[in-house]
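After this come two complexes, each holding chain A, first together with chain B and then together with chain C.
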Partner chain A sequence: MSIAPHTPLKGSHAGRIFVIATHAFTQLARMKVFYFLAIFAVLAIASNFFDLPQHEGPESVGANVLHSIKSWSLGAMTLFSVVLSIVATALLLPKDVEDRTLYTILAKPVPRFDYLAGKLLGVLLLVFVSLAFMDVLMTVVLQIRTAMVIHEQEAMALGMGYTADAVASLRAETLANGPNAALQSAVFAVFLRASIMASLALLISTFSTSTLFTTIVSFLIYFIGHFQADARDFYLHAGQAGETGLAHWAALSVSLVLPDFQLFNVIDAVIEGQAFPLLMLAKLTLIGIYYALFFTLASWFIFADKEF
Partner chain B sequence: MKLWLKSAILAVTLLAFGAARLAYEATLTRDLQAAGLVAPRLQIGTRDKIGQTSSTVALGGLRTLVATFLNLRAYTAFSEQRWEDIAETFNTIVDLAPHTRYYWETGSWHLAYNAASYYINDASLPPLRRREAWRLYVLRGRAFLERGIRNNPNDWSLLANLGTLLSDPNKFPAFRDNNASFAAAAEAYRQAAATGKALDYVGRARLYSLARVAGRERESLALARSLFDASRRNHTPTLLMLLLVLEAHENPALDVARRAVELFDTPQKAYDALSSHWQRTRERFPVFGVSAGLDALEKTLSIPKENSILSRALPPPPTPDDWFHK
Partner chain C sequence: MADTPPAVEIRNLVKDFKTSFRRLPLRAVDDVSIRIQPGEVYGLIGPNGSGKSTTMKALLGLVAPTAGQCAIFGKDSLQVDSRNDVGFLPENPYFYKHLSGAETLRFYGKLCGLGGRQLTDRVNELLALVDLEGARDRRLGGYSKGMLQRIGLAQALVQEPRLVILDEPTAGVDPVGSRQIRDLIVKLRERGITVFLCSHLLEQVQEVCDQVGIIFQGKMIKEGRLEDLIAIEDQTEIILRDASPELLAQITALIASTPGAALVRTGKPRTTLERLFLREIRDDKR
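Our next item is the complex of A and B:
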């Protein structure tokens, strides 16, 4: 592993992190992880065929198929990105130990933080590239299908004598369910969630003894994290239902320790045609960065003087 | 640094980090809920119905994906005419995706139209049970749609669908008080139009329902006049006819034949329109002054008494008694 001579960041933290990140990315890409993109392509195309019979006038034509494409695609993106971020991160440290690469790197003047940050960025780059590919594919399929739906609706609406205003109104409603900024924001929310999971898996892998342990614990935290909001509500409204002190403290512990993954479930609302204001996206990004930074720093704290 | 000390520092930092974000997350959750971006929590009943695996998937942020699968399952139930399964599946679907119009409309359509119609022809049941099953499913379809409207109060299409159901000649006999159901249909159409997103037929449909509410003729006439003046597209035969009969109700001395010719251009067209309206007994539109107008126009057009529309038998109004005799 060496930095190209023309790299201006040579010898800097950023330069080292960049080199380790690209190496981690290449290492993961060689594990043929991108093959799943073919499965995604099949899913995105297959979701086009769930066009069930309609019961209404022009306003309902194709309504279901657009939802179907979005929910299949975003669902697959969520699953792939979470699985990829957990498994890829869980693999990295044990694999470096097994290949003895870790000893070579740490024997050089590479700060351990740079090593961890580089590995994490490599995984995030992999997730980002995968999501970007899936996003492009989903957008293209959705764009084509939306155009087909609008054409079908307009033909039916004109046949039924709808006015130009009514046709324009129908068109606007359908476009709200097509590819738009809210959908791209939802994909970004998927990336944020995957980033949190990757940094959390990194933290676990710094004290874990096996890949399997890291993977299982990460998935458990992922699912329990979806109940965090319930625990927080329970804690914040404690004392209203005569619950015990133990339940109160248990709820507080869950709220403080686990991330709130419900926040990232905004993708459901976007699939249903809801707008996603930029301010909300910014707030969500802030909490995502907060989690990712904290878990990375905590990983470094554990990893800093770990003996191998 | 010793491991126990390190672990203790990490634990304390984790708690401090958690405490620092707690209020922010609670506020963000409220903001996202207010913006309609985070759905209400999944009910325990729904978790049970969709099973452990789907529940896990739904909790993992893929509620709409589970709803999509369930919609496919509901379609299978529809093709096999398992109406109770359809009702249950759609209840679960709308818990998972409460803001998707399509699911509310499709669920209501299956219940009020498909399931209800199925029982009209179900030869395996005695007439009384078929009638009750038909009525029950129409009411369930209505209740489902009303629940959808409570969840999506600004959705014009759900409101318009409710108006259509309540004023449908094949459905309104299921409601005990037709005056109340026509009034509810008119109100649903009014609310749909008030969203500002509704198609223009909604305004006319509101009049068609309101005109059938006994005691609200004056209000109906004002609406008919405003629609008539608003656009030539509103000059549909039904709207022109309702304008005429409502004017006749307001002014019993009105020369209906003359006014009909004004509205429909020629005596023949006026006669055809009045004849058609006279025979539309299924819809239960008001007929104030129509027989007098027909009588006068028959004289103008020299139509012999034996050919008079007034001497022909009227089609009987729809009643479930007829449907369930067979």
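Our next item is the complex of A and C:
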């Protein structure tokens, strides 16, 4: 059998990935997943009412409510983004196989990598849009509430005879708990963590036979990721492995494959009004990109030879 | 023409599937070879589970052959560029229910690198071809089975492929829808598009195919031109219109007086139940 030379495919990889990504986004959006944003709006507004009456001085006026808004909002963002990234990714691939729509796509001149990358980007686009909406809502609520708290604090401080410097210092302290760059960085970190989980769910769904299996295993790995660093340290320093080279390699291999989600605890520090170091943001970004790429390439490796 | 590669060339295809509990693999396709020239309509027939769909999937690169080779217009089926020239309609496809008919075609068209005015024109042309212009903006969730098959056929044709592969294109479709799909296949043949279809509905295959292969338990047991395969070599058919009883008596007497010849059967030709059904519902509509 004589084989004809290769001919280039019409359109670019980026173009096909974009088409599949926007389609996956539309598919999920038409499944009415954005309804949960209404729940978030209720949460963001409800968190305004958690202002405990413990005003011993102007410093404590409204401190609880600002903390509560950030805590509830970032908590809800984490929950929604992780659930959405795992469940949506776990759903897309098996559904295409079950409905045989996958056959019609792969029977077109579409490389399997383009298909996988498109599906993943579609989910990430959905998570990004959802987080952006939640971020805007949180920022607006926090902005309004911060202005109210500052007004209240200044009135009380001036009434108690605070100096202008002390009032300015109080204002700066309160603004650190309001909407700022650190908070936006924390939201970006939430997105990075969701991206890792989506790419991990994609990898599992390439060999799993059901959406349920993919979802359960992904959540298990998510929880393991929160204590794998502790377990690794314990194994190296307190366990029987000791400090051998083999033990180090084993620990390194685990951390290369399983993400350490403790690194994302910096989000909790931001809720407490602390800064988000730029170096930490860069580190998390690199980690997010590394794991997303690693899991996507591993998915491709399995999916490339998969038979349907 | 001598340089034109065959539209489909399957050579000694073998496909084994691993089984979970038994150690022996299941052989779904066993040394099957098929060659389809451009412009032909080839029907692969066989009972359920005989290896028809697996053969088609191997040709589309959806499964990898255990042995043998598949090529589309000379290009190895395992390479993505072989799909530039092929459109595929799987058995009982569902497609994306959240998309309308026009959106579905736009989606598949974009995957094939089409865009702009060219894509819009192509979508309109295909919706007209499959008679779904009236349902272009309706979501596929509201389509009937026959409409789904037709939109499926339209998506298979979106990039103007030279080869169309249809897996049980009329499965589960009512006689009217089935007829529409067969008419479409005939139109494709008239346009010079090669069609490779598989079905276990023999009458349909007989109506549209030039070449036929019969596959059973994974093996190709008979293959050739349809006319050659179904002709009864030692019999001749004469169909008369308005023949008088006297003429028929003369013909019968002539045959009886001819040594070696025998009259096998006389009677009125019959239409098929399907043609009768289609004629009746057409008359009823008027």
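What we mean here is this: the second predicted complex is superposed on the first by the 275 of 308 C-alpha atoms of A that agree within 3 Å, B and C clash if a C-alpha of one lies under 4 Å from a C-alpha of the other, contacts with A are read in each partner's own complex, and residues count from 1 in each chain.
The rule we apply is simple: contacts are C-beta pairs under 8 Å (C-beta built on N, C-alpha and C of every residue); 3 or more make two chains touch, one makes a residue touch a chain.
Because the structure is predicted, anything quoted here is derived from the model rather than measured.
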Exercise. Using the superposition on chain A described above, determine whether A:245 touches chain B (first), chain C (second), both, or neither.
Key: neither
Practice problem: Examine A:305 and indicate which partner it touches, taking first as chain B and second as chain C; both and neither are also allowed. | Solution: both
Practice problem: Mind telling me which of the two, chain B or chain C, contacts the most residues of chain A? | Solution: B
Quiz item: Now for A:159: first (chain B), second (chain C), both, or neither, which partner does it touch?
Solution: neither
Quiz item: Once the shared chain is lined up, is A:230 touching chain B (first), chain C (second), both, or neither of them?
Solution: first
Quiz item: Regarding the shared-chain residue A:108, is it in contact with chain B (first), chain C (second), both, or neither?
Solution: second
Quiz prompt | First (chain B), second (chain C), both or neither touched by A:256 | solution = first
Self-check item: Touched partner set for A:283, first chain B, second chain C, both or neither
Solution: first
Quiz item: So which positions on chain A get touched by both chain B and chain C?
Solution: 305
Quiz item: Mind pulling up the chain A residues that touch chain C in the complex?
Solution: 1-4, 6-11, 15-16, 19-20, 23, 26-27, 30-31, 99-101, 103-111, 305, 307-308
Quiz item: So in the complex, which bits of chain A are touching chain B?
Solution: 50, 52, 55-56, 59-60, 63-64, 67-68, 70-72, 74-75, 78-79, 82, 162-163, 165-166, 169-170, 173, 193, 222-223, 226-227, 229-230, 232, 236, 255-257, 260-274, 276-277, 280, 283-284, 287, 290, 294, 298, 301-302, 305
Quiz item: Considering the complex alone, what residue numbers of chain C touch chain A?
Solution: 5, 9, 11, 57, 60-64, 69, 71, 73-76, 79-81, 83-84, 86-96, 98-99, 107-108, 110-115, 152, 155-156, 159, 165
Self-check item: chain B - residues contacting chain A, complex
Solution: 1, 6, 9-10, 13-15, 17-19, 21-22, 24-26, 28-29, 31-32, 35-39, 41, 56, 59-65, 67-68, 71-72, 75, 97, 99-102, 105-106, 109, 113, 157, 161, 197, 199-200, 233
